[in-house]
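Two complexes are shown next, each including chain A; its partner changes from chain B in the first to chain C in the second.
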Partner chain A sequence: MKFGVIVFPGSNCDLDAYHLVRDVLGAPVEYIWHAERSVAGFDCLILPGGFSYGDYLRCGAIARFSPVMPAVVEFARRGGLVLGICNGFQILTEAGLLPGALYSNTSLQFRCRDTILRVENNDTPFTRGLPPGQLLSIPIAHGEGNYYVDPETLAQMEAKGQIVFRYADREGRITPDANPNGSVGNIAGVCNENRNVLGMMPHPERAGEALLGSTDGLLIFKSILEYWEGCR
Partner chain B sequence: MKPEDWRIIGLRDNEYDLITKILGREPNQVELGMFGVMWSEHCSYKHSKAVLRTFPTTGPRVLQGPGENAGIVAIGDGLAVCFKIESHNHPSAIEPYQGAATGVGGIIRDIFTMGARPIAILDSLRFGTLDDSKVRYLFNGVVSGIAGYGNCIGIPTVGGEIYFDPCYQGNPLVCVMCVGLIETEKIRLGKATGVGNLVILAGARTGRDGMHGASFASEELSEASEEKRPAVQVGDPFMEKLLLEACLELIENGDLEGIQDLGAAGLTCAVSEMASRGGTGMEIELSKVPCREEGMTPYEIMIAESQERMLMVVTPEKEAKVHGVFQRWGLTSTTIGRVTADGLLRIKMHGQVVAEVPARSLAEDSPVYYPASAKPAYLERTAQLDLAAIPQPDDFNTVLLKLLSTPNLASKEGVWQQYDYMVRTSTVVRPGSDAAVLRIRGTQKALAMTTDCNARYVYLDPYAGGQIAVAEAARNVVCSGGEPLAITDCLCFGNPEKPEIYWQFRQAVEGISAACRALETPVTGGNVSFYNETKGEAIYPTPVIGMVGLLNDVTKACTLPFKAAGDLIVLLGESFDELGGSEYLAVIHGRVQGKPPALDLAKEKALHRVVLAAIGQGLVHSAHDLAEGGLAVAVAECLFEHEIGARLELDANGLRPDSLLFGESQSRVILSLSPENLPVLRELAVREEVPLAVIGRTGGDRFQIYVDGAPRVDLPVAQVKAAWQGAIPC
Partner chain C sequence: MWRAEIKVLLKKSVLDPQGRAVENALASLGYANVNRVRIGKYLEVTIATPDRAAAEAQVREMCARLLTNPVIEDYTFTLVEVEA
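Moving on to the complex of A and B:
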């Protein structure tokens, strides 16, 4: 299984995703320059965190017009696995691959800290083998992670199992205090209806080694690998 | 030329005379402007140069000392660490967001200019007191500016320090340190070599922003300073991220002969320093410089401080390739001139020579001043401290809570959670411990890094304060498991033309030098920021020390919180009746008085050996140095992360209880460890003659201190933590 990490101008977590996949997960991985027009040969695409195009307009609003994006959209439509992390999540919503939008944190400040995620749906390629309700310690680092979607769409998403992660407290309760950015329903990550595209604000690639404080993020990457092997 | 012409840009009459002597004629307007910025205090170090030469700057590991864009120290495996600290005080005083942001941008460029990959940022910040709305504006603006730039460019902000004191009310200090990693064979210097090689300017277009920033930085702040807002540059971290990647790619492939960033004094500084270091000259055609606006004059183009620009020297064969790399990163790059043999900077506009001056004269030949120095009168007054006149507190619980909730000691999490301190996934010890620790990918090694300065000590005794700043930085590095390597310094003082200020400066430099010699941490560079005065009032002398240390085994990195109940709490070092200059004396008794605590550098070094051995042998669960607030505050800080209580039983040994709890005697460290490791630790301490006392045990949910059997402090950990956490509004 081959991973591709897309490098937009201003991506800055590309190295971290690349490193985790290659050195910790031990899977083949390559960078994909934003000017490429094809993603042929890749099995899972990662849109990494960062500040694509400086995020000077609206997060992800320019990156979604990158030359590589039509190929990403096509790849996703055909069922290819796409993981958008932080700025990557913002780009996926801008590109229409995921519903909703990401507003400024209610604090109006950037927040970098550990969060606890509760797994809401373990029937996705990204969360297989994780019991529903399992708690993962994975950090956030963003200024615009306040997920919003209109109530009607939200209800549909809930019904279809598209809410994948919520911010929770240590006991797994979904409380306002556990919500670091004001996201509706404490939502931290969502998938599309086909469940092959996941967007999440927390950084699983930062929680892949005990040395850095948590290995819970690695579970998501392992799940992707297991899913892929199960498909073959 | 009339005297107003040179005085208005900050040149003195004798300096103008020297310029005419160098040129053999009167300078024209462009040339005068170039001398004006290059001979400013900020660029020329004319008041500090003579004193800075006394720093110890060499050592077996030092590959590059002061004089280049940043210092470089070897760490084995063909790798080196490249680091520097710089101030951006004046810009931050009038435009805090952009002032701080461009401070971050500038120091990052200094690091990748050397060919190093920036891996971490630290910020040493000082403000007035938070009850002033202007100070809160400056504080929030500076923190947002650091976050805005650092988070976007993707370099983790991992540490630093923040102090509040009325002396910084109108003149905040914003010192930013950047640390980079480099393969020793890839080091690039800011030199223009090879006559006939081409000069390429890359990055942002040149605009009218930041005109005379260097000169503005070289005068005192006043009410009129607000009008100098246009002298503050505007940062574009996205542009810098692209520039960083493009430049490192070129350096990695060996495509550049020399490279230099454009910072203070803009193009003038870059061309004159590169040519001067290379012993060459340059011919530059200004009509080739991409400008943001129409009609910029040669004068403006030469001194504009537009950010995110780099100057490179390349061979003609590499020209097309270099432009190709910048183009791929979406950046503008233009060949604007070539290297010449005659040592002259010949600046042309559409073929017409508009300036012609020796490169060296700008970069090296500024006058060197030896200002008068005199011991400040205030020291007579502050040195008088009669401890007998200081009443003992009735209630130590209240004192402890009050100290922990003063902004200087309170939790800074509200600040650092606005910084991305984890990007690049190498941060092993996060902000909030004694020093940050970052692993070095592909090796077992790691770097520890910190910034430190207790300016109150320096104010009360500049020599001792300078020593303590270095010693504390080293102690912080050691408590994280790092062996101190070298320092960079950011020397912030008032107006050096005042003898009392210059005395502070000389004494502090001497103190720093003595400590650096004893602790074997040479000075590899830094900067000097004078004229930190508002309405004639100087800040405390504030020589900030940035230090980097090396861990050979990253898994040995140590942090300050207690990890387990039932551990022994051990105090290394000796406590004295030393309340002079303490936070306790200032906060509880309203006195900035006395002498700072005494420092014995040999004892300090011995302490380091014991702590490093204890951490290296895995004997301890935590290590924390004692600083502001003394023993009680230091132990309290160890309780918070895991909310583990502690019970201390102290012997006063004739000391006042307040000195024992809150005195700031130097060369002390708190360790926690399993009881079975105590004998080995004791052996290490005995061998180095470092006093060791078992002072208590971890456990429970209360913080209790008994002195000679009498209870002095007894509080729930949760209450102590709440006082510490909620103090700084962000």
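Moving on to the complex of A and C:
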């Protein structure tokens, strides 16, 4: 299985994602420059964190029109696995591949710290190796991670199992104090209806080695790999 | 030629953290009668077309595609005729 890490001008977590996949997960991975027009040969695309195009206008608003994006959209529509992390999540919502939008944290502060995520749906390619309700320690680093979606869409998403991660406290409770950015329902990650596209604000690629304080992020990448091997 | 003056605001249903902070600052300055502050963006876009209706249609299209995010934002605009 081959991973591709898309590099936009202003991406800054592309190296971390590449490192985790190649050196920790041990899977083949290549960078894909945003000016490419094809993603042929890849099995999972990662849209990394950063500040693509300076986040001008809105986060992800300009990156969503990068030359590579039509190929990414087509790849996703055909069931290809797409993982958007932080700025990558913002790009996926702007591109219409995921519902909702991300905007300014209610605190108005950039939050860079560990968070605890509760796994809400383990029937996705990204979480199938995890028991539901499992808590993961994965850091966030964002100023605009406040997830908004209108109440009707949210109800549909909940019914379809599209809420994948919520911010929780150490006991796994979904509380206002555990919510670092004001997201509706403490939402930290969502998937599309087909569950092949996942967007999350926390950075699993920064939590893949004991040296970094947590290896919980690696579980998501292992899950992707196991899913892929199970499909073959 | 037209100059589109576009105002973009977060929808009323979406909390505006910046507006809230400024609202609190005004309250602390003693403006007890201020009950809501909303902070948005103002954009000016000049469009080279003689036709007002065409300019209007183009502004709506640009707002839908790039200039605003309809999930969280609303916009209004006015067109002003300007010298080419």
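Throughout what follows, the second predicted complex is superposed on the first by the 232 of 232 C-alpha atoms of A that agree within 3 Å, B and C clash if a C-alpha of one lies under 4 Å from a C-alpha of the other, contacts with A are read in each partner's own complex, and residues count from 1 in each chain.
In this text, a contact is a pair of C-beta atoms (placed from the backbone, for glycine too) under 8 Å apart; a residue touches a chain by one contact, two chains touch by 3 or more.
Keep in mind it's a predicted model, so treat the numbers as computed, not measured.
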Contacts of A:57 with chain B and chain C, given as first, second, both or neither: second
Which partner reaches more residues of chain A (counting touched residues only), chain B or chain C: B
Touching partner for A:149 - first (chain B), second (chain C), both, neither: second
Contacts of A:113 with chain B and chain C, given as first, second, both or neither: first
Partner chain in contact with A:100 - chain B first, chain C second, else both or neither: second
First (chain B), second (chain C), both or neither touched by A:65: second
Chain C-contacting residues of chain A that also contact chain B: none
Parts of chain A lying in touch with chain B, wherever the complex brings them together: 9-10, 12-13, 15-16, 19-20, 49-51, 53-56, 109-113, 139, 141, 143, 203, 205-206, 208-209, 211-213
List of chain B residues in touch with chain A within their complex: 144, 147, 151-154, 236-239, 241-242, 329-330, 416-425, 427-428, 430, 439, 441, 554-555, 730
Residues of chain A touching chain C in the complex: 57-58, 61-62, 65, 93-94, 99-101, 103-108, 146, 148-150, 182
Chain A partner contacts - residues on chain C that touch it in the complex: 10, 13-15, 17-18, 21, 66-67, 69, 71-72
